[in-house]
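Right after this note come the structures.
Each of the two complexes below includes chain A, the first together with chain B, the second together with chain C.
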Partner chain A sequence: MAGPTRLLFQPGGSLIHRVHPATKLLYAVAMTAYGIVLDQVLPLLALAGLSVLVIAVGGVFRAFVRTTFRYLVVLFVFLFIIRGLFYDPGGAETFSVGPLDLKPAGVVFAVEMSLRITAMVGAFLAVILTTHPADLVQAIEQLGASPRVGYIVLATLQLTPEMVDRARRIMDAQRSRGLRTEGSLLIRTRGLFPLVAPLFYGSLMSVEAKAMALTARGFFSQRKKTHIRSLGMFAWEPGFRIALVALLPILIGFRVAGWL
Partner chain B sequence: MALELEHTTFTYAGATQPAITDVSLRLEAGQFYGIIGSTGAGKSSLCNLLTGIAPHFLKGELGGEVRIEGVSTTQLSMEELVTRVGYVFQNPFDQLSHVTYSVEEEVAFGLQNLGIEVGEIRTRAEWALKVLGIADLRDRFPLDLSGGELQRLAVASILAMKPSVLVLDEPTSQLDPQGTREVFEAVAAMRGSGLTVVMVEHKIELLATHVDELLVMQRGRLVAQGSPRQVLSDPSVQDWEIERPQLAELALRLGRTEAAGPLPFGVEEFLVAVNLGPKDVH
Partner chain C sequence: MRGFWDFRGGFTSMAIVLIPITIAINTGLHFITVALNLPIYLDTIGTILAAILAGPWVAAVVGLLTNVVIGLVTTPTAIPYGLTNAAIGITAGALVYFGLYRHIWGAAVAGLVLPLVGATISAPITVVVFGGASGTGSDAVTAFFLATGDTLVGAVLKAGFLVALIDKMISSIFAYLVAKNIPSTYMAKFPGVTRDRKPAVA
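On to the complex of A and B.
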């Protein structure tokens, strides 16, 4: 049997946990849009800071770091090195950090991109980490989407830890048969091949079994679904939703005017 | 009559050979049936046909007819089928919805899909959890349960949908002895409730002592049906590529005769069958 995996959702009673899932989804979409519109370090820093603040208020900062941010940091480092070394639209002077000759424009680009990604990913993680999966499915359904769409999105996210577990088990099994997975980049890359096929095949088999099980549990029923969990909403949420939407054209205006 | 197959043949889409060939059987309401057979004998395919998963979900060519409570499975939608026949699979992990956070919510998942009213869902969930002996786990996170508890949760989730037939395909294949015993005891406890139970299982010792009838599958065909003692006493057992329970086999090899009583499945029966009293065993 597959080993125990945890859902991404972290139960809790924080303010963020109690906000209606649709409001949180709108917040995540709005933060993504803001991230696309904003273009300078300071506004993006504020946006990323807000995103992390919401995560902290939700009491899920550690889960955010554990599940996502530590991987993002690796991406940021690569971004910093690659862009810092090679991105040079204006041919400006370089500055040195240790053995590296970095280009200022590239460094600024890497910082902006890192902040943008933190804001966007952080906003969506805040939703996923603080919202009961069933509530999110229900909210997506209330927004007019098919319950199947909501379920597929959620189950895919929730099954990510299972995929990680499965990959680890396959890797352990291959190692016990003498496969080398540690050492140079070449050795590590070679070690990936015996992992991919069983992971892919095993996942496909699992998907079919899950689809059959869902069929047997009436998932594809045409009847209107009921929900044993009820969704609450704070009095201020409708106004907050309007503000989230209204802020977008304002930011676009500021950007066009050159104030951001 | 709960289930009937009439000259049923089924070939999965893309396959060249039928998985089930000319099977006819009748399963009475309220009885407990065990299906045995070697790997590839067609046990799971038979389950797929009994539940309507084939040909509704697993496509293929169906010959003959499969009837549930007198109605052909091809004339029923999957939605109608799931309220008549419940299906429990091998791996309880694959049966979880993965969007619930408590045992009670997991049981409610299928009922919500069917649009059952919330009060009724809670009543049914409570009932199913009690029947399976896991009511005290209702607030636990499903993935924190042991294998046996998880499989009992899977059975409860299906039972709550109030089917008249419950089909279990090797529900203990991935469980340890403790988990296996838990599942068997829970399923056996449902006898007498009017529910028809059909279970595929390799653990012949356990199956033989619990079921009313055994069905033996071999290479897609039903080769025997009868009480466990009837079926396992048959000299053709080896031809069917199945094994008797160890004590029964041992008694036969020690020269147990018909006059010595029924084919033994348990230790006490074995001692009687080979003319040994408990005092003779040290």
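On to the complex of A and C.
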């Protein structure tokens, strides 16, 4: 399975790659907030376009399409089915396309929601695809999070591919001992526990050793820690951050005034 | 001995190390069910086990971060449902606290309570954040309930519960069976919490 065995981060030297992780995080949060404030097709289309543009500037458009696009398309199709065909709080008004009775308000809603989700998911993906996880965690720590949070996130990202490999090895081992992993649903379900249990016991055994290793290296010390990596920042970034935040009340004002 | 609401006391060095491991196990289980082509996920067994070993708050962190990590490596739309898995972690912690995981029937009862909580937290997320669709198998069930005349929230709620029921039932019983076989001397090293201060699993 290609999915969780590999990180999304794509190394590169683009403008987006070199922006400080905290600025990128603020951008993603701001885009989400803009997406919640806006509710017309055209502004949302612009927002989704901007989101995809940032991904393209970062040189990670192909990674975006490969990892998320297929999943988003499934979501959008179901959104269209549920809203466009079955559910419409507005009224009974429908129009027919071939054999389908569509509800116009539902279709508009599905389009707006799809654009909104594209904008938000795209903004977060731009951050994840262009930022090394260690840099992201360090930026979060500098914002005031505990190093324990940093350890948990980084260790998880590191352990996940290992655990998927371990699951694969256990499956091969149990199969070679005669465990049936193919056949009816009942047979496959009965094969589950002999796969689940070794996965747990093997990993639980390592917990104590790891805890001791962390303690021995002074991880739980109360003193201030230093970092081996350093994060750079462009001169324009502080101003850009203020602009990102300032745009939100402006958009809310426009929305309240009815201009958007 | 700490109480149920003691948040910080749960995060001992053993618990801090347990968190990434149970999250990775959740992801590994997801891989197994996909490889066996089963319509369930089992990706809450790690969360329930964290609740048994280290109490509700550690389990909540495991639940929340499981979805954040799945979001970081495959599907970003999983992230809002981290709230659901955090709630499942706290609920599992409460069920452990009241001693339900001392018997397989208790674990089965927990398997009924967990999907109820899960569906209740998931439905508003599906409706408010994604407008009714979640991009998963329960969408087809949602469309079915809508076609039979349910409201949107009602249809999403029912579909979520039905799809989660079998998954959480199996997950709960598996977590019980795994925990039952952990030696009590090893269990004692984790900061688990129960009301009567006896072991969480008999």
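A few points about this structure:
In this text, the second predicted complex is superposed on the first by the 179 of 260 C-alpha atoms of A that agree within 3 Å, B and C clash if a C-alpha of one lies under 4 Å from a C-alpha of the other, contacts with A are read in each partner's own complex, and residues count from 1 in each chain.
Basically, contacts are C-beta pairs under 8 Å (C-beta built on N, C-alpha and C of every residue); 3 or more make two chains touch, one makes a residue touch a chain.
Keep in mind it's a predicted model, so treat the numbers as computed, not measured.
Contact with chain C, but none with chain B, is seen for A:Met113 once the two complexes are overlaid on the shared chain. Applying the stated contact rule after C-alpha superposition, one finds that A:Ala155 touches each of chain B and chain C.
Contacts of A:Leu75 after superposition on the shared chain: chain C is touched, whereas chain B is not. In the superposed model, more residues of chain A are touched by C than by the other of chain B and chain C. Using the contact criterion defined above for the overlaid structures, shared-chain residue A:Pro11 touches chain B, although it does not reach chain C. In the superposition on chain A, A:Lys103 makes contact with neither chain B nor chain C. In the superposed model, A:Ser206 lies in contact with both chain B and chain C.
Contacts of A:Thr67 after superposition: chain C is touched, whereas chain B is not reached.
In the overlay built on the shared chain, the residue A:His132 is in contact with chain B alone; chain C does not reach it. Touch criterion met: A:Gln222 reaches chain B, while chain C stays clear of it.
Annotation: chain A residues 1, 4, 6-7, 133, 151, 155, 158-159, 162, 206, 210-211, 214-215, 219-220 touch chain B in one complex and chain C in the other. Residues of chain B touching chain A in their complex: 51, 53, 56-58, 78-79, 82-83, 86-87, 89, 91-95, 97-101, 105, 108-118, 121-122, 141, 143-144, 147, 150, 157-158, 161, 174-175. Residue ranges of chain C in contact with chain A, taken from their complex: 11, 13-14, 16-21, 23-25, 27-38, 42, 45, 49, 61, 65, 68-77, 79, 130-135, 139-140, 142-143, 146-147, 152, 170, 174, 177-178, 181-182, 186, 189. The part of chain A that touches chain B in the complex is made up of residues 1-2, 4-7, 9, 11, 132-134, 137, 151, 154-155, 158-159, 162, 206, 209-229. Residues 1, 3-4, 6-8, 67-68, 71-72, 74-76, 78-79, 81-83, 85-87, 89, 109-110, 113, 117, 121, 124-125, 128, 133, 148, 151-153, 155-160, 162-164, 166-168, 171, 181, 185, 188-189, 191-193, 195-197, 199-201, 203-204, 206-208, 210-211, 214-215, 219-220 of chain A touch chain C in their complex.
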